[in-house]
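Below are two complexes that have subunit A in common, paired first with subunit B and then with subunit C.
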Partner chain A sequence: MTSLIESTAGTADAADVADRPAAAKATWDAFRRNPLGILAMVLLALLIVVALVAPLLASYPRGHGTAILRPPSAAHWFGTDNLGRDVFAEVVYGTRSSMLVAAGATALAIVIGVTVAVCSAYFRWVDGVMGVLVDLFLSLPVLPLMILVAALVGPSLQTIVLVLAFFSWPEVSRVVRSQALAVVRLPYVDAARLATGSPLWIIRKHLLPAVAPVIAVSVVLTASRAVLSAAGLAFLGLGDPNSWSWGRILFEAQQSGAMQEAWWTTLFPSLAILALVVAATLLSIAYNDARDPRTRKD
Partner chain B sequence: MPPLARFALRRVLRGVVTIWFAVTVTFLMLRLLPGDPALAVANPNMTRETRQALLHQYGLDQSLAVQYGKYLWQLLHGNLGVSFSQSVPVTTALMDRLPWTLLLTLSALVVTIVIGVPLGVLAASRRGFWDRAVQLSGVVGQSLFVPSIGIFLLYLLGLKLRWFPIGGAYTENTYGIAWYGSVLRHLVLPCLSLVLVQLGSYVLTLRSTLIDALGEDYCTLARANGLGERKVLWKHALRNALLPTTTLVGLQLGFVVGGAVLTETIYAYPGIGRGIYEAVTQLDFPVLQGAFVLLSATVIVANLLTDLAYGLLDPRVRTA
Partner chain C sequence: MRRRAGLMAGTAAVTVLTGALGACAPSKKAAESGSGGGAELRIATTTDVVNFNPLIGNSRTDYWLTNLMYPHLLTVGNDGSKRPSLATKWGYTNPTTGFYEIRGDMKWSDGTPLTASDVAYTLNAVKKDKPSGTLYGQLANFSSAKAVSPTRVELKLSKPDATVIPEVGFWGNVVPEHVFGKAGSVAKFANNANWVSAGPFRLTKVAKGQSYTLERVTPYPFAPGGRPTVSRIVYKVYPDVNTEILALKNGDVDAIANALPPAQVQPLKKAAGITVEEVPGLGYAHLAYNMDKKPLDNVKVRQALSHAVDYDAIRKVVLQGQAVSTGSSPIMPVLKQFHDPSLQEYTFDPAMARKLLQDAGYTADGSGKFPLSFRMIYSLQDPVTAQWATLVRDDAAKAGITIKPQGLERNTYLAKTDAGDYDIYAGNFAIMDDPATNMTLTYLPKGIINYSHVDASDLSTLVTKAQATTDVNEQKKLVQAAAKLVHDQVYDNVMYTQNLYVAHRSNWTGFVVKPSELLSIVDPQSLANVKSSS
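This part shows the complex of A and B:
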């Protein structure tokens, strides 16, 4: 009996594996035909490359320079700030730390959010408690809460990552949970419940693969929101004072009054933030459209 | 009890619980996070003796449960502590600022709706170029960083073109009509910044709900009755599509408050947000805590009102 169940489970898995590349291929084919999606992907890849090879592009901006508040030129592509530092170098290194913070915060938020979401969907009693908690978190103004915590603990890279993660997971959980709830009600999950006594196995083998696309979208959106929140905190002076971030460039431009005369000190970090967030949003929209057979037109 | 009353009661109860949650979260954070609890009530530059005296005075040497009870009791009396940087009660300091934040966010909301509804209708009814254009600008709008757009408007319309004042909320020494005029002119740039960052999500939501509504049976029936497409759109579909958009207004409030904090910081607008910024630079924790509690309460009450309005408009919600 056991062997029979195991063998049917085996064939089901095999069919699933055979299906998956086909579905992935259809999604990719549809995605490729969307110019905005491709553009977004290229833009994101470019920003990641900039973050990775930052030391090759510019030397770390520190100290004081003699050329103060110079407009963009061949020597300083993005001009210089009020202390004569190269804005291009600041933006390049800012890409590095902004992406690092976003990646760290997103990884944490996704792990917590997805765990809470699938457990809520699978175990009704968890849903009772966590559902209320998530709702409560989502109805509070997040930025003032983050400000309070960051000011209290003191600004550092770890603080920012932890604060962002701690206040981002409820949104992840809300989105993933609603999808997971729909999956849990499907007949094949009931069948799996009969076949095995291990909820962990069902969650790992059936629930997680089924919600994987929602998680993927959630990763991108959480990361882009984390970039905005981190920049917001840095703009209020709550960023890590020891590393360059896009928010810190804006903060210093405002503090020193440089923003009133030197448009380049604020334009370029602003464009960097905009490029990253727009690319992330467009990528998730294009992916969703490509994945959905109704919008795919194939 | 009639269903509407039961719905209202349940909703009010939930609001009360949410406020309690916000208050408790702040309490726990200030007490349990690493950091000196004395900092939460006093100037960071104090002597050891002052610190001990303060801990005792504020009951910070008592057990957590006792502290919590006292904290709730004081809050019920509207006591949020004393701001050390201004030596005035936090409640007074913040209440002076609250009207400005309300003026800013509410005016931004009105302008967003006035611009957003026609844009959403345009995108939903003319598929093709206009639809794509509105959608793309919606996505870009959603992705704007508030300080970026604020600084841009300040630079262009305030400093270069000199159309609008770049900071503050009114001109000193003006009275009567002139004062109201100056308030209005000072409001333009911060308000416009907030509108630009929140417009995108409203338009996108309205667009998709409108498209769904236009495919519903009642719209088909209205068309079959010989009603023009324009009438179907404005009289039938829009009315129903506005409901989910109303929910969005409530859900977005938390983000709008965050945007207001950043906007007020840029324009030195004397609202709660600027107060938060100033409190951060002086590590004035009573003000930071009070501002969070007050903003949460405002958001929760506004959400409650939206939900009650929704319940009045749509009988289906009451039973849900």
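This part shows the complex of A and C:
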């Protein structure tokens, strides 16, 4: 820490870099001792792999088939739907679009949310305005508004991504801001202010790395919430009719009136949603526990 | 007619909102014995009543409930022909004067006799106040109505129109003058309390999101001995057809008013204690190509699109064989009197579609795709259309045409339809009972359901003549010629007539089945005659 007292940006950087691998290793050591965390990570990785290699697992479900509403069998692992399409293929390609929606919506929400958060924390005058805006957004009834916007604009992948991002960033912003506020008051940030006149540099070099763990947790949680919301919208018929998603499989099962006869049309997409949301939640809890010295017991 | 379009579009927007309440509504309660006339019939529906005023109602449940209180002058047979109901005779005394002779034995539930004055009042009030229901749409050439005796009403027309008497008689509900007359404008009267009914039932209790209770009204001339066989009808609101089917199986309801999804017909036919009734279809499903949008004004492009739909697959897979081809004609085979069997359906032939597009001057790219992309709107509350919309897209892709289906929430769908904001409109009409009337609404330039935006002088001439003539044979020739034009020029791509199925508990008998989901087994004359055997 001597280098920090010397108050040169370069040495502060060096200390940061030197500390980071040690902290990361401690976090990883703690994380890997948590079987639930590992399980969640494997599950998420599996879903990502399924999304990436979907064409190798099944051919794209389109048109119609002759075997209508058949239960799971060797030919159709997850059975067939009311138009004779393979539910397994629908779930596989649904993974792809669910992941895409999650990634798109999360990326946008994180970029907006983090930008607003660090600016609010660093520039006090911004905080007043953005604080009110974030409070306003957080008090809105999100689901009805999402339904309204999606219904008015019309369903498409872009609409869904934009709608989800639009309603997700305030939460990211609130969480990251509270962490960032604590950081900007620390002496080393004051020291950095003396070293440079560029707030951007301080935000990039000091503030963002300090809040990175919170951002990581936000990414995972926002993604899982985005998948849930997207499934909800698709179930209401407001998903993209041109791409398969887990919510669309559920919506079509409901529309066909076959929900109680053909349990397989709803069980497998529901399990996929459950797997993703549980895995994301467990992963973020495990990561949070692992990086916190108080809970990792090292 | 707007209501027709809306009605068939389905129900789920309200359903979604009312679902949570509806789900906890039913409690298992065995129906009372019907032998003593004290039974209660419980019917499932998926929407609440939006309007209790039959002149402005626009959901299926509105129609089903208000029909039990406000009679129609005419009803309809399975072939679309008009049958007596409140009116016993109807017709024209000269080209601009029509008449109805009505029964003299009907009374409103408060004891006031139902007379020709009520009929005349209803028609004049609708003409004056312009409520947004179907009836007003039928009154374009109607000037005024006058009760010339307690049982005869005469209608003056502004110009000869053979469609007014049958269509107004069928679509219009007659309302009590002594109640509606005090309320001011019939377009604004909510009619949400103290209902007065001409039978067979009268609404007495409303629990929004849960149930609607109607009590028996006597005398009702269409019931045995003038007394409806059940004392009470309870409409119960359920979130969707899945929960309705579950409730029927559990015995929580005795019948489902909504048509069954095609895929559920066979399983329910096999279910113990459930009877499935076939309801003849009297409407059609169609794709309307918006001719205001280039290049859909080009007949070759429209013909190419017509050859790029696998109609057989849609009927076989989506509709489970419960639909019949109309030969790509707007006059369905069920309208035996008018149907022209010489018109053949467009074949599913992607190669032919490609050739037509090449003839129209389009060239496909290396991947076989033409530079043509169309946005097709449909209502998300219409589950059958929502299912075949994706098949239409996939079939068109085989001909190198891009179709982008856009499923919309019902109100957005209606707004976009009104604004003409679509390339292709996919939907269906519940009842298209009379070709001349339907064609004036679908194919005349200002027709209220002219979704193709067709404005062709030869077609307009034929339709206008057909509307004006009261000679049936002459009218048949004219509407058949018009149908051929529609077929050849693809002014409308009519795909099929769907036969519907409804289900009830097997211990209930005596249902009278009438065409379309609007009438089916819940028509007043049917519900006045049902019996429970246990």
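To be clear about the criterion, the second predicted complex is superposed on the first by the 291 of 298 C-alpha atoms of A that agree within 3 Å, B and C clash if a C-alpha of one lies under 4 Å from a C-alpha of the other, contacts with A are read in each partner's own complex, and residues count from 1 in each chain.
Everything below uses one rule, namely that a contact is a pair of C-beta atoms (placed from the backbone, for glycine too) under 8 Å apart; a residue touches a chain by one contact, two chains touch by 3 or more.
Since this is a predicted model, take the numbers as computed values, not measurements.
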So, after the overlay on subunit A, do subunit B and subunit C clash or fit? They clash
For A:L250, select first, second, both or neither according to whether it touches subunit B, subunit C, the two together, or no partner.
first
The chain contacting more residues of subunit A, comparing subunit B with subunit C, is B
Once the shared chain is lined up, is A:G63 touching subunit B (first), subunit C (second), both, or neither of them?
second
Applying the document's definition of touch, where does A:P141 land relative to subunit B and subunit C: first, second, both, or neither?
first
In the superposed arrangement, does A:L83 touch subunit B (first), subunit C (second), both or neither?
second
Applying the document's definition of touch, where does A:L228 land relative to subunit B and subunit C: first, second, both, or neither?
first
For A:V278, decide between first (touching subunit B), second (touching subunit C), both and neither.
first
Taking the superposition as given, does A:P293 touch the first partner, subunit B, the second, subunit C, both, or neither?
neither
Figure out whether A:M259 sits in contact with subunit B (first) or subunit C (second), or with both, or with neither.
both
With the two structures laid over each other on chain A, which partner does A:V149 touch: subunit B (first), subunit C (second), both, or neither?
first
Clashing segment of subunit C (vs subunit B; choices 169-177, 295-303, 367-375 or 403-411) is 403-411
Return the residues of subunit A at which the contacts from subunit B and from subunit C coincide.
151-152, 154, 236-238, 254, 259-260
Name, in rising order, each residue of subunit C that touches subunit A in their complex.
12, 16, 240-242, 245-246, 260-261, 263-264, 267, 313, 317-318, 320, 380, 383, 386-387, 389-391, 393-395, 404-409, 412
Which stretch or stretches of subunit A touch subunit B in the complex?
36, 136, 138-145, 147-149, 151-154, 224, 228, 231-232, 235-238, 250, 253-254, 259-260, 263, 266-267, 269-270, 273-274, 277-278, 281-282, 285
For subunit B, which residues count as touching subunit A in their complex?
17-18, 21-22, 25-26, 29-30, 33-35, 39-40, 136, 139-140, 142-148, 151-152, 154-155, 159, 251, 253-255, 257-258, 261-262, 265-266, 276-277, 279-281, 283, 285, 288-289, 291-292, 295-296, 299-300, 303
Okay, in this complex, where on subunit A does subunit C touch?
62-64, 66, 68-69, 82-84, 151-152, 154-155, 236-238, 241-242, 252, 254-261
